[in-house]
Amino acid sequence: MKLMVINPNTTTSMTDAVVAAARTVARPDTTIVGGTPADGVAGVESHYEEAWGALGVIDQVRKGEEQGIDGYVVACFGDTGVPAARELANGPVVGMTEAALMTAALIAHRFTIVTLPRRTIAHSERVVQALGLGHRCTVRAVDVPVADLAEGSAHLAEVFAAEARREPDAEALILGCAGLTDLVGPLTARLGMPVIDGVTAAVPMVEGLIAQGLTASRVNTWRHP
Amino acid sequence: MKLMVINPNTTTSMTDAVVAAARTVARPDTTIVGGTPADGVAGVESHYEEAWGALGVIDQVRKGEEQGIDGYVVACFGDTGVPAARELANGPVVGMTEAALMTAALIAHRFTIVTLPRRTIAHSERVVQALGLGHRCTVRAVDVPVADLAEGSAHLAEVFAAEARREPDAEALILGCAGLTDLVGPLTARLGMPVIDGVTAAVPMVEGLIAQGLTASRVNTWRHP
Amino acid sequence: MKLMVINPNTTTSMTDAVVAAARTVARPDTTIVGGTPADGVAGVESHYEEAWGALGVIDQVRKGEEQGIDGYVVACFGDTGVPAARELANGPVVGMTEAALMTAALIAHRFTIVTLPRRTIAHSERVVQALGLGHRCTVRAVDVPVADLAEGSAHLAEVFAAEARREPDAEALILGCAGLTDLVGPLTARLGMPVIDGVTAAVPMVEGLIAQGLTASRVNTWRHP
Amino acid sequence: MKLMVINPNTTTSMTDAVVAAARTVARPDTTIVGGTPADGVAGVESHYEEAWGALGVIDQVRKGEEQGIDGYVVACFGDTGVPAARELANGPVVGMTEAALMTAALIAHRFTIVTLPRRTIAHSERVVQALGLGHRCTVRAVDVPVADLAEGSAHLAEVFAAEARREPDAEALILGCAGLTDLVGPLTARLGMPVIDGVTAAVPMVEGLIAQGLTASRVNTWRHP
Amino acid sequence: MKLMVINPNTTTSMTDAVVAAARTVARPDTTIVGGTPADGVAGVESHYEEAWGALGVIDQVRKGEEQGIDGYVVACFGDTGVPAARELANGPVVGMTEAALMTAALIAHRFTIVTLPRRTIAHSERVVQALGLGHRCTVRAVDVPVADLAEGSAHLAEVFAAEARREPDAEALILGCAGLTDLVGPLTARLGMPVIDGVTAAVPMVEGLIAQGLTASRVNTWRHP
Amino acid sequence: MKLMVINPNTTTSMTDAVVAAARTVARPDTTIVGGTPADGVAGVESHYEEAWGALGVIDQVRKGEEQGIDGYVVACFGDTGVPAARELANGPVVGMTEAALMTAALIAHRFTIVTLPRRTIAHSERVVQALGLGHRCTVRAVDVPVADLAEGSAHLAEVFAAEARREPDAEALILGCAGLTDLVGPLTARLGMPVIDGVTAAVPMVEGLIAQGLTASRVNTWRHP
């Protein structure tokens, strides 16, 4: 299988990071390629930037369809552009947020997302509500700009751990941004609970849909435009 | 990886059917074994039978742990015994119902479960409610006893299609019982929408959890007993 | 009327305690008998133990039906086995958790359950969600093993009161375990709010159903198996 | 115990009917008296009439407190005046709607209210929503004026049965108006499912609260005014 | 247009305050008159007082209809009497609570109501639940009697600000009582977030309904009695 | 006040229609201007087209801010681009869908949206869910392409009326697309219930927010990017 992990912003180091994360869990026979929009925004922290991010996702799916991509992971917390991508792609499309939430629901009764800027809490909650998981998932923020991840996220381990501990009922932690994969190990150790990265959660879901011959229903909502 | 697909009832032909279904989607390097309780009930259509089914699941997980099983699929619509299995198993446990619902949510805005006896509608709804998908999923029944599946399910294609068509907003169909995998093809053709079997949906989810090094959180709810 | 209060575990001192509690509120013409499974688990604190508890409930209902029992109270917080018991019994079956929640809803706008081990919070929430009372009820835990109740619960009054006071909107307290009846008086005095024991809440509900000639509907969900 | 069944309207034949219904299920040692407001409206079919009905309930609770009444049933579908009555009464107050809904939830997975004028559907739904039972209960109407009950309700059995049959998942029927007790028998026979009258459902709940020494919490919402 | 702002209690200084508030936002061609019941209660802090308040609202709508009033604002947090007023009035009726909540939802993702006595939290929550905004709105209280507003509310600014700050996710504040308009400015300055008074929120909504030629539907729920 | 009604697609006849509709309800001192993106899509019927529509909204808000616009109405059912517009505009932004839903909630207990292509049902439901009105509002479709509105919508009156009549509990109808204002009169007459156009519903809400000095909170979610 050939999967594309789409980074909706123009920062190629982020694309490299999510592609590397995806490869750690992919089947041996899966090829992972990255997709980075040529134009758009350097990061997605607002609804305004999400609008540009959605266009970036659309652009990359179009390129992917020409390249014979079998399935897509959208590597942006908040899953911007995922519905449009489903309409355009022939193969399945999975957002990192929905994948992380479903994964959490399989291994924890209650869980929490810790995202970066407080203003993006609403982006996460939009996906939580679309899936109906509000009774099991809370959303918190450490209020760090995404740009702080430029040199990796290891220096954020303590601030994430502190925020997660404020949620007394959480039994698993979802990392609320792409590019935080290197926090999985340190936070699992610190918190003693499963820590979930949405990109690595999404890859086996796309692979599984392809293995089952499934893609977005064309009956109504996600018909080709 | 070595996965066990647990049939919570004592009918070995059902075990054979779900193991065969699981193999159609498993990774090349995954071994699938079946688990059938020595004692219990021949089928699970009531809460009384679910209580026995849960014990059967527990029994098989115990055997599986001795055999070095890496992860489990519980092949009973309604996911009886799944929480107890999570407490006992070291690796991840996924129920066919939760897997089918999550898979449907990735490819359809609205979907419907068609289950067999009307009395089991509540069993499906219990899982729908635990996941919070009641705003996207309805549950219907064809009111056929599970025993009617003894010689395969192909003769049920028309009755399932008719029931699914009664749900005007459904964009995907979930088969509400184990052992209906041979309906996927005929119903996909008849209905023009994705048709989901929970066992084939669950296998890549278990594989994905293992690939990510994830299993049930031991913080509270699913601690080892 | 002849009612059986079923203790789903094998600890007969617990059975004695719940029978004694039940007698304090029963009608003068009601006979209360206790039911204790011969086999099973000594206490119910996990989903694994709940599976055994459900079998214990089933076993006692079978015995009760032979003895001409008119109705049943299941004395296990979390109401394990109640749906199966409804299918088997001819008379009504009421779980202590659902009874406590309904009673609380009649006398308080907001209320809280304080249960024992944190891992059982999910068991309480399952009943809260089945009834739809999540907007009025929270669930907390003091994280004391059930075994600590062996010599009564009076020594737990302060820890329960402290936990209840952490819920600033609670207007009533539900004791989240069987065998805590002797906490009702001390906690009512300490907290200045109603304190509800599920067993004493359930007895008049069973009596009332019998008085109305009502028992579980046999239309679908709780048909005899 | 001495209970008052309050009819919030001025029609004494309705009071007689609900008192008679209450007596059929009361404990032998319970005395039932009826309460009818001197002023107000002849029936409650609108929010305007509910406002007068609430005053009627308040008036009767005041009289009841002078007479040493131990507990109250408010016999108006929609439970008008119940919160105010809780604030004024020293003993417990139960509305016929909440009692019917709780009773239904103990014996049926799904149920339906059939009320009289369509305009009162919202009154029923208000109670359904306050209890959180919207996932298990629907509300329907036969659109007959309450005045049609003046000579009993037996002539309405067929129209109620027809309406109930339009709800394919209903496993129990709640009669959505006071004064319909004589429909319980005929409709149970016609529909083969439990049929619930809210007044008879409420009486044992009030008795049970009194037996447990419980009344409305005075912490916040229902403090004495 | 001619609008009446109805104060459901008998305190004319409160009527003066809400009329003055309404005038600050009304269209130039709108006339605002106040309505004060001749009889009833001096303030509305309990369900008992709400019952009297509803009658006061009804009384004033009757007077308003005689005077050719085009639309009504009910100036009581909790919107007592609004449904009855809709049935009686020919023009539109808007409660200050529903107007405040809708206004908040247009300018803030999450918001909080701060009301006065804790016992009225349930009154606010009733409106929050009727609109379905529980996922975006919390309700808090400063536990000050309404009578404390007799000489204005400026002295309450600090206590309101402190309570609002306890809600870390709130992005707007709703003042949970009529007569607090003079807190809007000071609290906006202190909190740095929008502060909403329900009376000023309701006036343009009534004006807008009249401009569109809309009033309460007479199909079912709010038919004339 | 100076308001801009933004048509997110490039069809200027649609802009003319929504501006004309807006003027019928605006205050005498309000100036309405239309906004049409120079680039984008001719209509919005898919998530893909919504992504372009959002960019069109952003583009027009930028132009509007230069022109000193005081507030905005986004005239696209589904409210695409509204959150981004809130972040960019200094004055308030109201979507036609949220405005229609709030207006409906003020005049009807239950209501229904009838939208055009079935694929856009999900777009409407997204707004219904964000507001929490799923318990009062259903969404239906007549499955007519938006392009059919090019020459007005009068020929659609019968098909809309027929669809609305399929919703037996609806007490008001929301027109689920911009440019249907000329259906309000004919459908009100045919259905005997209020018919709501989102653009005319939104104008007084924007005017009201401006009159109150309110705009999007800058605390978190809708901070300037």
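For reference, chains read A, B, C, D, E and F in written order, and residue numbers begin at 1 within each chain.
Criterion: contacts are C-beta pairs under 8 Å (C-beta built on N, C-alpha and C of every residue); 3 or more make two chains touch, one makes a residue touch a chain.
Composition by chain, UniProt nomenclature: A, B, C, D, E, F = Asp/Glu racemase.
Model, not experiment: these values are computed from the prediction.
Colleague: Give me the set of chains touching subunit D (Asp/Glu racemase) intersected with the set touching subunit E (Asp/Glu racemase).
Modeller: Looking at subunit E (Asp/Glu racemase) and subunit D (Asp/Glu racemase) together, the chains touching each of them are C, F.
Colleague: Given the pairs A-B, D-E or A-E, which one repeats the contacts seen at C-D for over half of the pairs?
Modeller: A-B
Colleague: If every chain is reduced to the average of its C-alpha atoms, which one ends up farthest from subunit F (Asp/Glu racemase)?
Modeller: C
Colleague: Rounded to the nearest whole Å, what is the centre-to-centre distance of subunit B (Asp/Glu racemase) and subunit F (Asp/Glu racemase), using the mean of the C-alpha atoms as each centre?
Modeller: 43
Colleague: Between subunit B (Asp/Glu racemase) and subunit E (Asp/Glu racemase), what's the gap in Å when you average each chain's C-alpha atoms?
Modeller: 51
Colleague: Could you please state the distance in Å, as a whole number, between where the Cα atoms of subunit B (Asp/Glu racemase) are centred and where those of subunit C (Asp/Glu racemase) are centred?
Modeller: That pair's centroid distance is 31 Å.
Colleague: Please list all residues of subunit F (Asp/Glu racemase) that touch 2 or more other chains.
Modeller: Each of 86, 109, 121-122, 129, 134-135, 169, 220-222 in subunit F (Asp/Glu racemase) touches at least two other chains.
Colleague: Return all touching chain pairs.
Modeller: A-B, A-C, A-E, A-F, B-C, B-D, B-F, C-D, C-E, D-E, D-F, E-F
Colleague: So in the complex, which bits of subunit E (Asp/Glu racemase) are touching subunit C (Asp/Glu racemase)?
Modeller: Residue list for subunit E (Asp/Glu racemase) touching subunit C (Asp/Glu racemase): 121-122, 129, 134.
Colleague: What part of subunit C (Asp/Glu racemase) is in contact with subunit D (Asp/Glu racemase) in the complex they form?
Modeller: Touch residues, subunit C (Asp/Glu racemase) against subunit D (Asp/Glu racemase): 25, 27-29, 86, 92, 94, 98, 102-103, 105-110, 131-136, 169-172, 192-194, 196-197, 200-201, 203-205, 207-209, 211-212, 214-222.
Colleague: Provide the residue numbers of subunit D (Asp/Glu racemase) that touch subunit E (Asp/Glu racemase) in the complex, in ascending order.
Modeller: Residues 45-52, 54-55, 58, 81, 83-84, 86-88, 118-119, 121-122, 126, 129-130, 220-223, 225 of subunit D (Asp/Glu racemase) touch subunit E (Asp/Glu racemase) in their complex.
Colleague: Give every residue of subunit B (Asp/Glu racemase) touching subunit F (Asp/Glu racemase) within the complex, in rising order.
Modeller: 109, 135, 169
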